[in-house]
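What follows is a set of structures to go through.
Look for subunit A in each of the two complexes below; its partner is subunit B in the first and subunit C in the second.
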Partner chain A sequence: MDNNTLVGLAGILASAAPVVFAAIGETITERAGITNLSINGLILLTAMAGFATSVTTGSLLLGFLVGALIGAFVSLIVAFSSIALKQSQVAVGFVLALMSRDLSYFLGNPYMGLSGPRVPSLPIPVLADIPVVGVLFFRQDILVYSSYILIAVAYIFVFKTRPGLMLQGIGEQPATAYVRGANVNRLRYIYTIIGGALVGLAGPMYSLSVKVGWKGTITGLDGIGWIALAITIFGGWNPLRAAFGAYLFVLLQWLGLVLQPSLPNIPSQVLQVAPFPLMILTLLLVNLGNSEWVDRTLAGLPEEVRRLIAKVLRAMRTTPPAALGIPFENE
Partner chain B sequence: MNVELVHIHKSFGVVHANNDISISIKSGVIQGILGENGAGKSTLMKVLSGFIQADSGDILLDGKAVRINTPSDAIRHGIGMLHQDPLDFPPMKIVDNMLIGHDGGLFPNRREVSKSLKELQAQFGFNLDPETYVDSLTVGERQQLEILRLLWLGARVLILDEPTTGISASQKEKLFETLKKLAEQGMVIIFVSHKLEDVEGLCHKIAVFRQGSLVGETAPPYNTDNLVEMMFGKVISLDEKTRLENCEPAMEISNLSIEDNRIQIRNANLTVNCGEVIGLAGMEGSGQRQFLRALAGLMRPVGGDLRLSGKRLTGKPYHSFQDAGISYVPASRMEEGLIPGLSITEHFILSEDQSGFFIDREKAVTISRERINTFNIKGEPVTRVEALSGGNQQRALLAMLRTPLRLLLLEHPTRGLDIESSIWIWSQLKDRCKQKTCIVFISADLEEVLHYSDRILVFYNGKVSQPLDAAATTVDQLGQLIGGKGFQC
Partner chain C sequence: MLNKSSAGFKFGFQILAIVAALIFTTVVMLLAKAPPLEAFKLIFTGSVGSTGKISDVIVAWIPLLLATSGLLLTFAAGLWNIGIEGQITLGAIFTTWALRLLQDTSLSPTLIILIGFLAGILGGMIWASLTGLLKIYGGVNEIFGGLGLNFVATALTIWLIFGPWKRPGVGSMSGTVPFDNLLWLPQVEGLRMSWWSLGIGLIGIAIVYLILQGTYFGLRLKAVGKNGRAAFVIGIPTGKYMMSAFFICGAFAGLAGATQVLAVYHRLIPAISSGYGFLGLMVAMLINYQALWAAPVALFFAALNIGSIQLPIVLKLDSTLSGVLQGALVLFVLMMDGVRRRLTAKKVK
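Presenting the complex of A and B:
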């Protein structure tokens, strides 16, 4: 593998870090039974606010802190309106998504085009010198390393720990979880806020590392949040699969850039936009097994072929937490 | 552990659900709680298991007063409740399901849980693999799982709410065996039911509830008439079986094959005569549901023919089935049968053939008043359906059926209903038969199948038996067939 490709692939890991944060944050929130639809606007708003904070104070850390706080706060609104006020999560989330986006363009005006600090690269001693692997994984910045850690920690938490099992429980059968001793609504608040804070970190990860700076409407971050929502579904509410989805999406974006010179006939906009519909198509493909129509078509195939296809489809398809979006009331 | 409930009062609005209930249960006793729906037995059990708090009164465990504010308080005190619909986590593995709500460190030790589960199972002869998923279990197995879980958490008092609904005859036998064994070990078993034979067959003593009050307690030998009188205040007996003179065949089913991802039915044949009642028996998930839904036009068969009075219906959409005079009453009343949020009147408006764009409210209310009277529904025209009790929801569903009907398909028509409602509903259905409607129904209650059917089809793992003459069949024979014995295929 030549060095250019290697650096390119390392770039994918780096640019995927914020998508990983957003998708895993949303995964955790949805596991608890709440859909936070606001994340597209949230990423823009926190990107702007994180950048503005760092430019003003000169502190990178403060930038990220502000991002996480805004993420947590906006998600608290989603949680409050759906848990305490029993409002539609879709309506509230959607309005917040639009509002946060426009707010970021409006409030971000004074910071347009300013140059700001950037998270420095931090090669890990020894590990960075391993051929191929070193370049790929260990000559990154601290954000990318934290994305690796987040994937592992989130996966282990959800599937291997007691509180993680209860998290699955409250999203799946809140009434049962309540009988087993969970304070369902308090946990839902907590996980929505944690998930929102993780999404809130994705914004500054863009504006302070991946795409440094704030350029208003042409920042190019609009849409990432929707993709993160799609990736959450693609990932079957599993942090590991969600991370895989994030990498797949960024890989598609990268391919668009790389292929552009060799495909002069195709307008460059097509290649830039292509990853979005492609990602949605993948989502549809993964869940093909859910449709009755496919069941019926398969019934006509020979037994062995049908078994094989059915097995593949079953392994791919995903089922949302049963209580996703449904408010919980104990009698 | 001895359990005492002393002067328990609980009101919901104007309804006095528990009126000064005092009851004392000694260790090792299986206590039956009998009463029709709404008699207050569930309320009392919810008080004991921490779901709701009593307005006044005390709970004494071994003579000491305790406060139980939540279900998890209850289990800490050793009181575990088995709910009518199993409260578990269907998409999870059994071992994970056990772990949720179990106190301990951050990282649970799954191997240890599996081990103690296996040890517990060995005691009772259950056979659940800790690595399988809960949603692959039958209702009966999920019940077993929940019992094991509560025992594992240290329950000394086990409350079971209508545990024999929806489980097979053999699973029921096993359940009763288990409960007797647990009582011998000194546990308190509280068995809540409205099924007389279950309570009589199992319990050491029976407390009967009526309209929020404890009417009395009796010890064996039980007198059924006496129990019924305590429950209802009057004696009702099952009416005699009446058989209609058969007329021409109504529904002809030939070589019907049905397939979905769980079950395959091959070449089922049946001719239903008009006015006839066909009972479908079998363990849950043996194919009877798919069969019924195929007759309703809700599931497309992969082969074979359906004819109603000679008219071919195979492959037609559901609406053609409806127009041909076929109606389907599903088991899940609130999900598939009624629309929560709409009133009784609005349901009647929707079920009528619609003419005109605007709703004639006045006329609709008059019609719905009429039907509420004829069908004896306890509710007002404006009452929302979710506020009705199960029995009244079922009555409302029957009231919505069109007249005339050629074929009526029912899934568990009396599941969860008290005896009085069940008898009433069957008398309505029999009236339909007299008007030449034929009925095909599923029930897990063998007595019901035997008593009301003319002929019976038994399903076992997708295989369909020859039609049996109900009059010449006994519960034992039926039970054996359901268990798969004597099936020729």
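Presenting the complex of A and C:
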């Protein structure tokens, strides 16, 4: 593998870090049974606010802190409107998605095009010198290392710990979890806030590391949150699979850029959105196994073909937490 | 003591929500060190300050009203048609396509405009049907299918503007070559508005109102939206009804796109939908999906959009302030509705 490709692939790991944070944050929220649809605007708002904070105070840490706090607060509004006020999660989330986006453009106006601090690269001694692997994984910044850790921690937490099992429980069978002593709605608040804070870190990860600065509508972040939501589904509410989806998405974007010179007839804007139809296609594939008509069609096919297709579909199929989006009343 | 279930009580909470939204927006402006009173005044004079401004508001009102009208039907069927942005865009693309094919033929301009409208409707319906098929036969949630198709529609527009339909020489973000004056929807002397598109918009919302209030189809559509499983059990083909809702909404969205080309921009531009699809979703939520209120609230939102155009010019503020105010209105109305229900429920207990 030549060096350029290697650096390119290392770049993919770096650009995917915020997507990993957003997708895993949303995965945790949805595991608890709440859909937080606001994250597209949230990423823009926290990117702007994190950048503005760091430019004003000179502190990178404060930028990330502000991002996490805003993420947690906006997500709290979604949880509160849904749990306490019995409003539609989708409606409130959608309004917040648009409003946060407009807020970021309005409040970010004075910070447009300013130069700001950047998270420094932090090669890990010894590990960074390993051929190939070192360049790929260990000559990154602290955010990328955090993304590796987040993937592992989120996976272990959800599937291997007691609170993680409870988290699955309140999303799948809240009534049972309640009987077993879980305070379903309080846990939903907590996980929505944690998930929102993780999404809120994704914004500053862009504006202070991956795409430094704030450029208003041409910052190019509008749409990332919708992708992260799709990746959550694609990932089957599994942090590991969600991370895979995030890397796949960024890889496709990178391929679009790399292929650009050899496809001069296609404007770059078209290649940039190429991941979106692919996203629909993947959603179609992971959902096909849930459709009744597919079962019926398959039933008419020869046994061996049927078994093969059914196996492939089952491997790709994902099903949401059973109580996702359904309010819980403890009565 | 006020009766907590009375209409006055409900109205009071809505007023409270509006006040809260205004306070929120004022705080946002203070954060940006902007003068709130001047900004509000500017939005007001910028939208109703002159005949020309009022006519501009009406120009923005029509596509927004058409989008909202269509969305009322998908909402009635319990569907979140976020893909409406792409449906408006495809309507505009199909209209432009038809006009480009026919502009050099001997057909009369009136006939070409008429075909342009029909093409737009067709484009919107085709795009909406994709989301519907994905939802009903592919199990892909309409929110994600629609969002993905929105991005595809934008890419298609840009490809056309910079590729096959580019201006002589080099393509530009300003769009395709403008159409001849003869292919413009007739405008009011000296103004940008057109009586024809105003008529289309008003007839559109009237039709939706009638469908939802006075037809068997509308009644069954609402049954599908309220409880799909129960509707299916009593023999309503839910898939077909959802598909019809998508088709009709797509037709309205396509009509909005056609209006953008025939009556507003007279060419295809990259952001041809002007965000009216998403704004229509907000209007529909704000009016709690009641068709009766669609026209006045959409008019108000259009006025905010047009009024805020002055903000960057005079006060060096970003015009997205209108979006902040619109979002705050919807958010606080939803939340206040929840607060009111909580209070009422407590009293019953």
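Keep in mind that, in the parts below, the second predicted complex is superposed on the first by the 331 of 331 C-alpha atoms of A that agree within 3 Å, B and C clash if a C-alpha of one lies under 4 Å from a C-alpha of the other, contacts with A are read in each partner's own complex, and residues count from 1 in each chain.
Definition applied: a contact is a pair of C-beta atoms (placed from the backbone, for glycine too) under 8 Å apart; a residue touches a chain by one contact, two chains touch by 3 or more.
What you are looking at is a predicted structure, and each value in this text was computed from that prediction instead of being measured.
When both complexes are superposed on subunit A, subunit B and subunit C end up sitting side by side without clashing.
In the superposed model, A:A84 makes contact with subunit C only, not with subunit B. When the shared chain is aligned, no partner comes close enough to touch A:A315: not subunit B, not subunit C. By the touch criterion defined above, A:M166 lies against subunit B but remains apart from subunit C after alignment on the C-alpha atoms of chain A.
By the touch criterion stated above, A:I218 is placed in contact with neither subunit B nor subunit C.
Counted by residues of subunit A touched, the larger count belongs to C, out of subunit B and subunit C. The superposition places the C-alpha centres of subunit B and subunit C at an angle of 80 degrees about the C-alpha centre of subunit A, rounded in steps of 10. Touch criterion not met for A:V126: it reaches neither subunit B nor subunit C. Contacts of A:D295 after superposition: subunit B is touched, whereas subunit C is not reached.
Between subunit B and subunit C, the shortest distance over C-alpha atoms in the superposed arrangement works out to 5 Å. Counting contacts by the rule stated earlier, no residue of subunit A appears in both its interface with subunit B and its interface with subunit C. Residues of subunit A touching subunit C in their complex: 37, 77, 81, 84-88, 90-92, 94-96, 98-99, 101-103, 105-110, 216, 223, 226, 229-230, 233, 265-267, 269-270, 272-273, 276-277, 279-280, 283-284, 287-288, 290-291, 293.
Chain contact summary for the complex, subunit C toward subunit A: residues 28, 31-32, 80, 82, 134, 137-141, 143-145, 147-149, 151-152, 154-155, 158-159, 162-163, 278, 281-282, 285, 316-318, 320-321, 323-324, 326-328, 330-331, 334-335, 337-339, 341-342. Within the complex formed with subunit B, the residues of subunit A that make contact are 160-163, 165-166, 168-169, 172-173, 175-182, 295-296, 299, 310, 319, 322, 330-331. Interface residues of subunit B, counted against subunit A in their complex, comprise 51-52, 70-72, 75, 81, 83, 87-92, 96, 99-102, 104-108, 259-261, 300, 302.
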